[in-house]
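Okay, here's the structure, questions in a sec.
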Amino acid sequence: MPLVHITRRERFSAAHKLFRPEWSDEQNRSVFGKCANPNWHGHNYELWVTVKGEPDPSTGFVVDLSALGRLVQEEVVQHVDHKNMNLDVPFMQGRLTSTENIAIAVWERLEAPVKALGCTLHCVKLKETENNHVEYFGA
Amino acid sequence: MPLVHITRRERFSAAHKLFRPEWSDEQNRSVFGKCANPNWHGHNYELWVTVKGEPDPSTGFVVDLSALGRLVQEEVVQHVDHKNMNLDVPFMQGRLTSTENIAIAVWERLEAPVKALGCTLHCVKLKETENNHVEYFGA
Amino acid sequence: MPLVHITRRERFSAAHKLFRPEWSDEQNRSVFGKCANPNWHGHNYELWVTVKGEPDPSTGFVVDLSALGRLVQEEVVQHVDHKNMNLDVPFMQGRLTSTENIAIAVWERLEAPVKALGCTLHCVKLKETENNHVEYFGA
Amino acid sequence: MPLVHITRRERFSAAHKLFRPEWSDEQNRSVFGKCANPNWHGHNYELWVTVKGEPDPSTGFVVDLSALGRLVQEEVVQHVDHKNMNLDVPFMQGRLTSTENIAIAVWERLEAPVKALGCTLHCVKLKETENNHVEYFGA
Amino acid sequence: MPLVHITRRERFSAAHKLFRPEWSDEQNRSVFGKCANPNWHGHNYELWVTVKGEPDPSTGFVVDLSALGRLVQEEVVQHVDHKNMNLDVPFMQGRLTSTENIAIAVWERLEAPVKALGCTLHCVKLKETENNHVEYFGA
Amino acid sequence: MPLVHITRRERFSAAHKLFRPEWSDEQNRSVFGKCANPNWHGHNYELWVTVKGEPDPSTGFVVDLSALGRLVQEEVVQHVDHKNMNLDVPFMQGRLTSTENIAIAVWERLEAPVKALGCTLHCVKLKETENNHVEYFGA
């Protein structure tokens, strides 16, 4: 049977900074550069969630994209949009808010509920700026 | 020898709707949502066809991209551009016109003639809106 | 006082065709080309609505963008998204659904309610494909 | 003599929030919505600076674009990139950080030094998200 | 009667360099920077041609976009695509190939034949890179 | 441990042509089409370099993106930007400057120094025009 990948894009705007509280400002600045600005900075993040599965013969759908969109909204976007990734987001507590770590955390949020929709999470792609993005395919 | 992937983008604009004729309008609406609008809706589809192979030492080409472009035009775009995917397209007859099913049908149209060009079809990617796309890598 | 222009983008996907019912299919085809396909075709339209005014000193806003977005949704997008521009849209009845005419009709829908938001409609820009768009600045 | 407009794009990523300190959190939330999040949020801003003038016959240039780019970097981008628009930016002190107000402030920063480059500032365009942007043409 | 602007995008890829033959390489390098590289460099240019007029009541068109597209192809694109702007393009002979000068030359090529199509040339916009573009509205 | 892919985009503008000096102009034209124009043409190339590795627990980074960006600049962009790919680029000597071959050459330039940054080169993606790109994943 044919396996098809389908991708839903969602977007969010958030503040963050990269720093370790146990380091001095100088250490943070030397490792994280301008991303360590104490008063934060922010991004328009773009998030692509790719799932895979066999199209249902009665609908032609791997997944109901509206349901997938709602899931990504409820599990991720509502928790991060117009928020501070370091201060306001429970699932980022205790984690550096690098793009890599956010993508891993998004995967963890989505893997089980995507399964409950009847398909398999394949990739979380997160774009921080037009020049930088990460992809995570699970552990 | 190096294996390289090369991708050609083509575009088409088409009408379609998602519905099963044996279902009532209410059933179609409840499963397919606004995509079931009886009088159709439409999209600017973007299609990326990726092939793979070893570059020919005398040309540096995996494939003559003009030939690949012509092939995608002849096998796909001329049959769907400014058409109704449900009514006008022979290779979609009897199939729901979900993005998944269109991508699978495009793969079936292209697999053999791409082989005849001396390379291998790797992926058909089809974007329906800026928020949704599918990828098919063959059965 | 400073006059600032602010623009909100919305999107919709719709079917349409260009044809005059009093003309034969041949006449329609000769004037409108592939846009006259009897069974329709469709597009992902992008709509930019630009308004102008002086920023309110207490908010810094020319207009509440959420309110402007809701207005464009209610007056335009809900009437055209996943619809047939020729058959389903009351404000296009009796009009050829050229991009030019849709932009003029959108202007007519928005001019008064934008005024009611406390600013002035400046431009309706409508993109039909990545190669074609129109702009209308009022009569 | 021909008057030509030329535009340079620069980008910056910044945190901000919309709020008036003399208002309660509830008032700020009711007026500014999610943009009032106390712990900030942020954006990838895109900035287009358009100047106009007659091309110099010996170079074909309205302005040396490298010089214009450096100017926008020095007068604007270095003060806002990876910063907090409310806390870190001297030229936004005492101003609500709406997109409108940032565009006006950028104009004020650039008008005189653009003149010193031998051309005239025509427009400051600032895009906050893919759905929202403002343009300012001066008072 | 309503005046509508309509824009057609075309693209071309060309080599060029900025230099004055009566100057030394050092002088050219100091004025034109890396754009003076003796062995040329090149760009994917994007060209937007905007015309204005009143929509024809029988078609809804300001202009037949296919005819406008063919005109831009015949008058401009066929002369510059996959060419050297300095060596291969008759209408750039004796002119520095700055983006400004190319836009002016394109205007001169298009103004009369656009008039012959029954509308008026409004703007030639030429984008050299994602960070730089010019607009010319005529003398 | 989680393996994450991270991608850095860089850009360059270069001239090139496709031709074999031992062939006649006619042979070159028949094989390479307009890409064989004797006086060159050019492109705005976009280059995406993807590396993979496990995020460092102390930084959250697979790699310091600034260091990766500098590496791509030093090993690739400075050698090709505003250059002639056929005449000016030592690492393309003796090679046809097809997009495929440039991507392979970029891989060869980057594989070892990316390893020295503590991660693994995964993909070099090179886009020649908006309709064409290649990807190379190593031999």
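Letters are used for the chains, namely A, B, C, D, E and F, taken in the order the chains are written, and counting of residues starts over at 1 for each.
One rule holds for everything that comes next: a contact is a pair of C-beta atoms (placed from the backbone, for glycine too) under 8 Å apart; a residue touches a chain by one contact, two chains touch by 3 or more.
Keep in mind that this is a model prediction, so the values were computed, not measured.
Which neighbours do subunit A and subunit F have in common?
B
If each hop has to land on a touching chain, what is the smallest number of hops from subunit C to subunit F?
The fewest touching-chain steps linking subunit C to subunit F number 2.
Which neighbours do subunit D and subunit E have in common?
Joint contacts, listed by label: C.
Check the residue numbers that subunit C and subunit D use where they touch, and answer same if over half are used by both copies, otherwise different.
Looking at both copies, the contact residues mostly diverge.
Taking each chain's centre as the mean of its Cα atoms, which chain lies farthest from subunit E?
A
The A-F interface: which of E-F, B-C or D-E repeats it, judged by over half of the contact pairs being the same residue numbers?
More than half of its contact pairs match A-F, so it is D-E.
Distance between subunit A and subunit D based on Cα centroids, please, to the nearest Å.
29
Roughly how far is subunit B from subunit D, going centre to centre by Cα mean, in whole Å?
Using C-alpha averages as centres, the distance is 42 Å.
What positions in subunit E touch 2 or more of the other chains?
130
For the protein chains shown, what form does their contact graph take: line, ring, star, complete or other?
other
If we count contacts the way the header does, which residues on subunit B are in touch with subunit C in the complex?
So the residues of subunit B in touch with subunit C come to 11, 13-16, 34-35, 37, 39-44, 81-84, 87-88, 129-130.
Using the touch definition from the top, list the residues of subunit C that touch subunit E in their complex.
18, 20, 31-33, 95-101, 103-104, 130-139
So in the complex, the part of subunit E that touches subunit C is made up of which residues?
Listed in rising order, the residues of subunit E that touch subunit C are 1-10, 50, 55, 58-62, 65-66, 69.
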